[in-house]
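Two complexes follow with chain A in common, the first pairing it with chain B and the second with chain C.
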Partner chain A sequence: MGFVSDALASIGLNEFVITLMFVNAILAMSIYLTLYGGMFSLANAGFMAIGSYVSVILTQNHDWPFLPAILVGMVAAGLIAIPIGLPVLRLRDIYLAIATIGFVEITRIMILNFDKIIAEVYTRLHMESEPPKITNGPLGITGIPVETKLEYLIVTVIILSYFMIRMHRSRFGRALAAIRQDENVAASQGINVVYYKNAAFILGAMMAGLGGGFSGHLSRIIQPGSYGFGTAVDILAYSVLGGISSWYGPILGGLALTALPEVLRPLKEYTGLINGVVLLIFIAYLPGGLGDPALWRSVRKTAGRIVNFINKGKTANAGA
Partner chain B sequence: MQASNLVLKLKSVAITALVMLGIALFAYELPDILDKKVLSPEQHLTTVIWVGSVYSLFALGYALVFSILGVLNLSHSAVFMWGGYIGVMSVIRYDVPIYYTLPLAMLGGGIIGVLVDLIAFAPLRRRNAPRISQLISSLGASAVLVNLAQLEFGTSPERFPRTTLKELPYEATVARPYTIDWLGAEFRITPLQVSIVVIAFALMLLLQYLVARTKTGKAMRVVAFNQKVAGLLSISVGGIFRLTFFLAGALAGAAGVLYALAYPSLTPFTGDEMALKGLTVIVLGGLGSIRGAVLGGLLVAAFEVYATAIGYSWLKDALPFVALFLILLFRPQGLLGEATVKRA
Partner chain C sequence: MLVLKHVYRQFGGLMALQNIAMHIPAGQIVGLIGPNGAGKTTLINCMTGLDHPTAGEIEFGGTPIQKKPAHRITALGMARTYQNIRLFGEMTVLENLVVAQHGLGKANLIDSLIQTPRHRRENERLRENGLQLLKRFHLEQNAAVLAGNLPYGDQRRLEMARALATNPKLILLDEPTAGMNPVETAELGEQILRMKAEGKTLMVVEHDMSLIAQVCDEIYVLNFGQIIAHGTHQEIKNNPVVVEAYLGQEEGE
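Moving on to the complex of A and B:
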């Protein structure tokens, strides 16, 4: 194992980066769930922020152990998803995307000014005590113990993958697929569209909250600035680039896109540029994403042909 | 048909009037809310109008591409930023007279827009890729443009040199007081701000004329309606797409120069800050509606100006989104958008 990790570290993938790769894989899976139901929702960065802040506040200010804290963060994200999803999921396509971006930005601004809001409430209610400082505004919460371990993340990804595989063949998954193809037809076949869409949205929010909890306990510091529009679009990019036609696509996308800038790090100031170029090339030449089953079939076919060719050469040699 | 068209038109006129009235009335309510008179209501209104005109001009590029191609072009904000840099840098590095920066930036922005289409959109269109992939590829294009700007211009804020601005006639950067006697209105405004408003509205009217009254505009509308039908009518669909990207890029370039004239801080990340505002503007006003974009721009500017005036400047970025949320829930097509007929 030591040999493998040394080899990975030599191309820029140290343990921190690998852990981050798996966190982003979880986030990519969370958006896959809503995309599978045909919902173009970008709300996951907001739920990630909620999961992250709730769990960090619990471990930092209330001395909770790590695992219960991130589970509570996950549930909090799920609970907030209920009143958001019910009105918003009536929208479609680009309107849904922009409404959910609105949610992400409102969440970020609320976290950014949480202490101000609390202070305002205290003065309005004429409370004597000093208002507490909870989110610390733009500076964020610092000195968070690093609790996220690679093992936890791998176990989580395996559990979520199992859930995804089962989902595709379950009533729930088939209902979502039907809704994606045509909402009206699905409704006319007796599928409760509102229920299934909201269920997928809430489950996706919980997964994002879980990913947020892990990411919050990874880098010692969390700031509201890292959960905005950019993050929302990044999560979408993981999923789309990995491919949304299979359950493992988003995982591949999350891993690959997080690793890419680290591998390109030796290019110094050109890192960002080459990163964007690679993104463009990927999306132009692999429209189905990295996890596109058709791509892997053709790879297998080509590999088989090469093997055949080599074998043929061998038999020809043997014959001569 | 005729009657329903008339009703729709009246409705949109009524909504426009209501929103404008709301913006104006709120300005006059401000002194009562604040219990003190800091600035005159007319001063707030002038700020709303000149900031809003830049927002509208910028947001129109999103609306244009979306209404013709049906995709969201996330690289529009990067083209806007490049437009600003083309203007500022042509003055700093090559001593180009400041009057030429606007057409220069429009041309440059338009060319960048066409390049973005060639690199990020055309290959995906040829493969019939889903729209969501096109969104991601435009994101990639945006990343490339922002990084190129960073490599070329660095990250420290740039501005039009003060000396060049001072050489403008009529002391363009000096605010001077105006009064309108019969309204009892008084406000200060610089000639530069007036010209920003005039240029922005002139460009928007020009676009409206192009789309609504010319043969090219008709071809664009046919392509938006149905690409196959457009092909049958021997309209070059690819050409219309390139024209759309050129126009959107030119608008972004113009907005970039106007922004750089208005605010003395242009960085490679300026576009990212504007991207969200632009998206809010077009959805508030109604996707694909030029009048809607103007109204949306004024509304977003009003939220910002008033939130700052009341002393809740931290709310200024959140308020447009709250309004957006509410409007999407009760009027999903936006303020002036037309409801689309759902086809099963």
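Moving on to the complex of A and C:
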């Protein structure tokens, strides 16, 4: 094991980076669920922020243990998804994307001004005591001890993967796939479209909230600025790079896209450039993403040919 | 079985349906004909809950359904096919029939995520039902083919199988023979009569008069959003209003 981690560290993938890779894999899985149901929702950065802040406030201000805190963060994200999903999921395609970006920005600004809002409530209610500082505005919450461990993340990814695999062959997954392909026909086949869309949205929000809880306890500091439009696009990029034609696509995308800038770090000022070029190449030549089953079939085929070729070479040599 | 009273559907200034009154009796096959743009598909959409009438009442087996969402109406026992085929093209033929039986399954979210034995048994049952339906429509050898890759005639048959999969009392067929040759059309007529013999009620929206003549007990004629005639095939054929609005154009060609 030590050997493997040394080898990974030598290409820029130290333990912190690997942990971050798995956090982002969870975030990528969270958007996969809504995309699987045909919903182009970018709201998950907002749910990540909620999961992150709720869990960090619980561990830092209320001395909660880590695991219950991130579970509460996850549930909080799910609860907030209920009133958001009902009106917003009536929209489709690009309109849904814009509305959900709006939600991400509202969440960010709410967190930014949360203490001011509380202070205002205190003055309005003529409360004597000093209003508490909860989210600490733009400075965010600092000095958070690192509690997220790689083992937790791997276990979480395995559990979520299990759900995803099961989901595909289930009544729930079939309903989502039907809704993605033709919402009206799905309704005519007896599928309650509103229920399934919201269920997927809420489950996705919970996964994002869980990912947020892990990331909050990894980065030592959380600030509202970390959960804006850029994060929403990052999460989308993971699933685009990984592809959504398979459940493991987003995981691969989240892992690869987090690792890439670290691996490219020796290129110094060219890191961003190469990173962008790699993304472009993927979108242009591998629209199915890293997780495209067709890609893996052709990889297996090519590998098989190479093995055959080598074996032939060996027998030829043996013959000679 | 299905009763429409004073049904109107207005799109902005356009009256797509005006004062529609219809009655589809249980166990019968009712035809609905009319020139292009007469409002046939709008009417089907209003019946199935994909669209809702601006005014009027629709009763299905005694239950008012004009405001119900589509999945509720399906649960009450109504199914339909589409004029332009709308299969789930990324699913296999068999999966199309399994997903169509959604309302017959009971598995909830938890069952779905951890695949309980109950859910597995239910899946088996739905797949078995689906295979039976495929046999009936001679599609069993294509069970594992993606529905989008099927030849056209097979897609039409699969749509009908998918409608039957919801275990409906009433089936609405929206131009089922579109793009079919006479042999396929006659075969389709046989399938429709077989459903009737099994106690299903049907409504067939068609352009093909041979199919209408073959299967329909009575016919409604729709033109510019209004029912202009109602009767048996013979009565309709000899009705001067209908001939002028619809059949006359065809004979003139």
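FYI, the second predicted complex is superposed on the first by the 314 of 320 C-alpha atoms of A that agree within 3 Å, B and C clash if a C-alpha of one lies under 4 Å from a C-alpha of the other, contacts with A are read in each partner's own complex, and residues count from 1 in each chain.
One rule holds for everything that comes next: contacts are C-beta pairs under 8 Å (C-beta built on N, C-alpha and C of every residue); 3 or more make two chains touch, one makes a residue touch a chain.
As the structure is a prediction and not an experimental result, all values here were calculated from the model.
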Partner chain in contact with A:Ala175 - chain B first, chain C second, else both or neither: second
Touched partner set for A:Lys116, first chain B, second chain C, both or neither: first
Touched partner set for A:Glu269, first chain B, second chain C, both or neither: first
Contacts of A:Tyr152 with chain B and chain C, given as first, second, both or neither: neither
Partner chain(s) touched by A:Asn184 [first = chain B, second = chain C, both, neither]: both
Partner chain in contact with A:Phe16 - chain B first, chain C second, else both or neither: neither
Chain B versus chain C as contact partner of A:Trp64, first or second or both or neither: neither
Shared contact residues on chain A - chain B and chain C: 182, 184-185
Residues on chain A engaged by chain B in the complex (per definition of touch): 35, 40, 87-88, 90-91, 94-95, 97-99, 101-103, 105-106, 109-110, 112-113, 116, 182, 184-185, 229-230, 233, 236-237, 240-241, 244, 269-270, 272-273, 275-277, 279-280, 283-284, 287
In the complex, chain B residues that touch chain A: 66, 72, 74, 119-120, 123-124, 127, 129-130, 132-133, 135-137, 139-144, 146-148, 150-151, 272, 275-276, 279-280, 283, 287, 314-315, 317-318, 321-322, 324-325, 328-329, 332, 342, 344
Chain A-touching residues of chain C, taken from the complex the two chains share: 48-50, 69-71, 74-75, 79-80, 82, 86, 88-91, 95, 98-100, 102-103, 105, 107, 109, 111-115, 119, 122-123, 162, 165-166
List of chain A residues in touch with chain C within their complex: 163, 166-167, 169-175, 177-178, 181-182, 184-194, 199
